[in-house]
Amino acid sequence: MIENKKIPWEKFLEKRARILTQWETGKSPLLDLDKAVEHLRSVPDHKNFAKKLRKAKAEGITMIQPRAGVALIDEHIKLMQYLEKEGEADFLPSTIDSYTRQNRYQHAQDGIKESERVGRSLLNGFPAVNYGVEGCKRVYDSVHVPLQARHGTPDARLLTEIIHAAGWTSNEGGGISYNIPYAKNIGLEDTIRYWQYCDRLVGYYAEQGIEINREPYGPLTGTLVPPSISHTVAIIEALLAAEQGVKNITVGYGQGGNIVQDIAALQTLDELTNYYLKLFGYGDVFVTTVFHQWMGGFPADEAKSMGVIGLAATVAAQGKATKMITKSPHESQGIPTKEANAEGLRASKIITRLLQEQKFPSSKRLSAEKDIIKKEVNALIYAILNVGKGDFARGVVTAFDRGIIDIPFAPSEMNAGKILPARDAEGCIRILEFGNLAFDDEIKAFHKEKLKKRAEEEGREVSFKMTIDDVYAVSMGRLIGKPKKREAGS
Amino acid sequence: MIENKKIPWEKFLEKRARILTQWETGKSPLLDLDKAVEHLRSVPDHKNFAKKLRKAKAEGITMIQPRAGVALIDEHIKLMQYLEKEGEADFLPSTIDSYTRQNRYQHAQDGIKESERVGRSLLNGFPAVNYGVEGCKRVYDSVHVPLQARHGTPDARLLTEIIHAAGWTSNEGGGISYNIPYAKNIGLEDTIRYWQYCDRLVGYYAEQGIEINREPYGPLTGTLVPPSISHTVAIIEALLAAEQGVKNITVGYGQGGNIVQDIAALQTLDELTNYYLKLFGYGDVFVTTVFHQWMGGFPADEAKSMGVIGLAATVAAQGKATKMITKSPHESQGIPTKEANAEGLRASKIITRLLQEQKFPSSKRLSAEKDIIKKEVNALIYAILNVGKGDFARGVVTAFDRGIIDIPFAPSEMNAGKILPARDAEGCIRILEFGNLAFDDEIKAFHKEKLKKRAEEEGREVSFKMTIDDVYAVSMGRLIGKPKKREAGS
Amino acid sequence: MKTVVIGVIGADVHAVGNKIIEHVLTEHGFNVVNIGVLSNQEDFINAAIETDAEAILVSSLYGHGEIDCKYMRENCEEAGLGKIKLYVGGNIVVGKQDFKEVEARFKKMGFDRVYPPGTDIEDAVKHLREDLGE
Amino acid sequence: MKTVVIGVIGADVHAVGNKIIEHVLTEHGFNVVNIGVLSNQEDFINAAIETDAEAILVSSLYGHGEIDCKYMRENCEEAGLGKIKLYVGGNIVVGKQDFKEVEARFKKMGFDRVYPPGTDIEDAVKHLREDLGE
């Protein structure tokens, strides 16, 4: 049975030996741990993700990072260099393609070949495993800012080994956040184990004095996720990572749309993560936050997309997110060209810099929103700990199974999929159907009241139709979905 | 001597007869007042500026309006139609060219001819006087939203006659705001008289039951203008207009850059204008506000310009400005193409609509900023009334002459030009040199304290260098200008 | 009642649009068989055979649509679904490409209808009625 | 100390850049004669004659620069300022145009140096030193 317990080193090494055989690039001599440590020690501070984040937090500046990755390594390097230079990115990603995410390395290999043949990327990301440590190191050598792998991989163990050995000093993901939104029927126990492995590796490096950043994936399905739910997942993944020895964690949140709720979410995310880490004995973990620009459906129009990006950056900077993941004006269309990607970056950059000395003022309205988030997170964390009989790893598996925690619009069968979110009259994300979510009556009454008010203003019943309308709304240029008159069926 | 007194109708008609001879288009039969009234009565509500503003304020939505105008009428009509359709503009402008602004109608005529010859606009706006009522009516007929003349014309009497008779239901400008930032040595008494004339015409139409909107030009020089100074000018122009019978006034403010100060400015602008209008007996005037997106130097980069636009729109919407004047990604380069103009509009549009249900929360920090603005405006208004011995028109002339009110960076010799603004550590616009500005010691101490703090943080003296650095800052991607190491002279 | 199969092809997990499509088509009186995300061609074909469906609506969002949909028409024919209508929509290629070209590529692959990003699913309802008869 | 005339030509009231230019050139040890905004060609030429200036720096921001600067070189020559250096900068034409072409147009009109929007005035300092000698 799964346990939130640090993996013993010998057991880790045993597993490791097997994992490195999953694809031929696992045989690289650079995957020798001593070699990897040596290389990682040579990473200068300005290329170390964890250290640059510490600096940013101290200065109160919101750093920017895009998503980007293509099939062919030379193109990928050009892309990274372009985003660093023309996009003024503070951090670089390498977004991994979807075959690699599903460990289909042979498919990825075919994708590389086919891309070479047709002369354009047919993969939606960079197949890092196929290029191996040597390839990833070439990417690392070609840029001047820290690199991170961004993916959505339930089992990222081989990928993780490869990228860190190559000098990429951050890895996004987690046993929950890279399962529930990214898989259909992979067990949670399995993915938690996979990610315990990834974290254990980072913990090992930490023991060698090498600080590597880990980032649980915050926005989950990116679609109307109430902040307390994504916070709870982030906190639990932070706790699980800390147990494996991770010392530098970035918890994330995807823009919801109501500015006060978003600022409240950013502030509570930092406060609660620190609180729980300390409470459970991991007081030496350094916490930063990442704000994801609008993760739902974007408007088709490029100028409007730039508007959404500008709004997001304004919120992130005022909420003092340490980092922000940017979108591009191509978002609704497809993976952006490097130019479009850089446009999103530069628009974001100037806003974060113009606002670097400014902070959203505290107010009663903000406190109220923070309080409800805190109450909800506490309720969820407590419930999970309870069903786990004191163990978060066990608890979270059971909690998902029973719908005690539940993520809207998730593809995974491990997720109950019973809750339904909807916006209230001011655009805050609230909950319409609670399923088995571990909220008490007081919290539920709060949500119901808020949604009733919206329904009254719109002259309709509180129902799933609101949720549907809200899913579309931003791409139609509104935050709160207005009733759409649809003809009834034929 | 100038007086804040409604112009007697006979005197108005006398002047009118002379003014209509200033250029041949003044002879148009459509300038017959009864004809004009008849035409204005036929303007439907959705094309009436004043009425659409009332609706917007009631709904709490921030409307958007670009600046735009070209030399040739057919091109101008295409431009207007494009901005309405592709830019989704709620209101349309017609920006008038600089020759017309200086009443150099012959120059404008040459500009039209030369533009026809080379096939592109050589004028920086639409020469409305040269096209006359007939031309302006064609523009009016070709669009479906209200039209306004936007210019910067010290003596806009003929222009005003022409545009209103053509069905344009708003006019920007004022005796102070279209003099001090737009002229070098035209007397304030003269321009106040010219604008009393323009307002009197609108007052006449109001007596006939036709509501026309008037908009004092808020941002003045657009460069580090402290809110209390532009508010004072706006309020005085509102009072002067109200005396002439204007019933629908939009007071304006140009984005400063600190979000709290900007929101405080928007809220106090509405509150103070209403307060003083009521206090001086014009309780029946309907007041709305307009927020100007960043009016200082823009960054050269288009994506960054879109960032500045996005930030501005976020502030305007949260501050519940009734209207916002948008900029374009070409701002730093030159008059935008219609496409670039529409991009600025659409980016702004989506933000105002996404945020239409949201409002910046009240807080102590915001109240403090509002309080200081109110104190300052009250001090200035009181001082002006005082030197005017109870008459605002007389008072404001003397006040400018003595520097009791003073606008930074203005070209006009009527302006003392003694004050120097600079940003504080959070980016709020404060005052460094007060000249003769009518502030008491308490207010001055507040400003000094704030600037001292910034200077300390930057390790330099409080000085004019800060002002210089701040003038450049936004175009360099920062709000607060950092010390630039310049080599000393040769 | 007409039966249609919907799902998201390949290693693609974009679930939101799929749930919306199910909801809207059901509202419009179709019998919707939703095989969900991470479905391969076989899953689509088997579902269509089992439920005697008249159309398959393939969603592909993540960019690998072009690879994932290869030979789908041929595979349908082999399975005896000669006349089944094949629709595809979502973000079916990598990046922002000229849609006319994309449409042509997928039509050549045997798809009857090809939809650009952000298509309102109501459009497909109209086409289904045209193509399948009321 | 070298004397230079600065000002903003035509019906143009953009005063901010002009004030900055005065400040920076003075800081760099030039004798700056600033005729301010709303100045016409005559004002520039008269100021240059009166102060024995070696260069005229024309600013034009508002878009009418092309019209306002017509025959300026010829007018200088007529006034006996045959060798005076003529610089022009700001936003000297209407709209965003290809700067190479704009530069060519103004050089043809007899301007020695032509600057694109947002030029750092320090660049002109370097050129003044080159053109006028230290």
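Letters A, B, C and D mark the chains in the order given here, with residues in each chain numbered from 1 onward.
The rule is simple: a residue touches a chain if its C-beta (ideal position, glycine included) is under 8 Å from a C-beta of that chain, and two chains touch if they have at least 3 such contacts.
No experiment lies behind these values; they were computed from the predicted model shown.
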For subunit A and subunit C, chains touching each: none
Pieces of the assembly without subunit A, by contact: B, D | C
Copy-to-copy rotation for subunit C and subunit D - C-alpha atoms, rounded to a multiple of 5°: 180
Subunit B and subunit C: spacing of chain centres that average the CA atoms, whole Å: 54
Distance between chain centroids, defined by C-alpha means - subunit B, subunit D (Å): 29
Gap in Å, rounded to a whole number, between the CA centres of subunit D and subunit C: 65
Subunit A and subunit D, separation of their C-alpha mean positions in angstrom: 54
Subunit C: positions in contact with at least two other chains: none
Contacts with 2+ other chains: residues of subunit B: none
Arrangement of touching chains [line / ring / star / complete / other]: line
Chain-to-chain touches, reported pairwise for every pair that qualifies: A-B, A-C, B-D
Residue ranges of subunit B touching subunit D (in the complex, touch as defined): 98-99, 101-102, 104, 107, 110-111, 114, 120-124, 152, 181-184, 221, 223, 296-297, 300, 330, 332-337, 340, 409-411, 468, 471-472, 475, 486, 488-490
Footprint of subunit A on subunit B - complex, ascending: 257-260, 299, 301-304, 306-311, 313-315, 318, 342-351, 353-358, 361-366, 425-427, 474, 477-480
In the complex, subunit C residues that touch subunit A: 10-13, 15-16, 19-20, 23-24, 27-30, 36-38, 62-64, 66-67, 91, 93-97, 117-118, 122, 129, 134
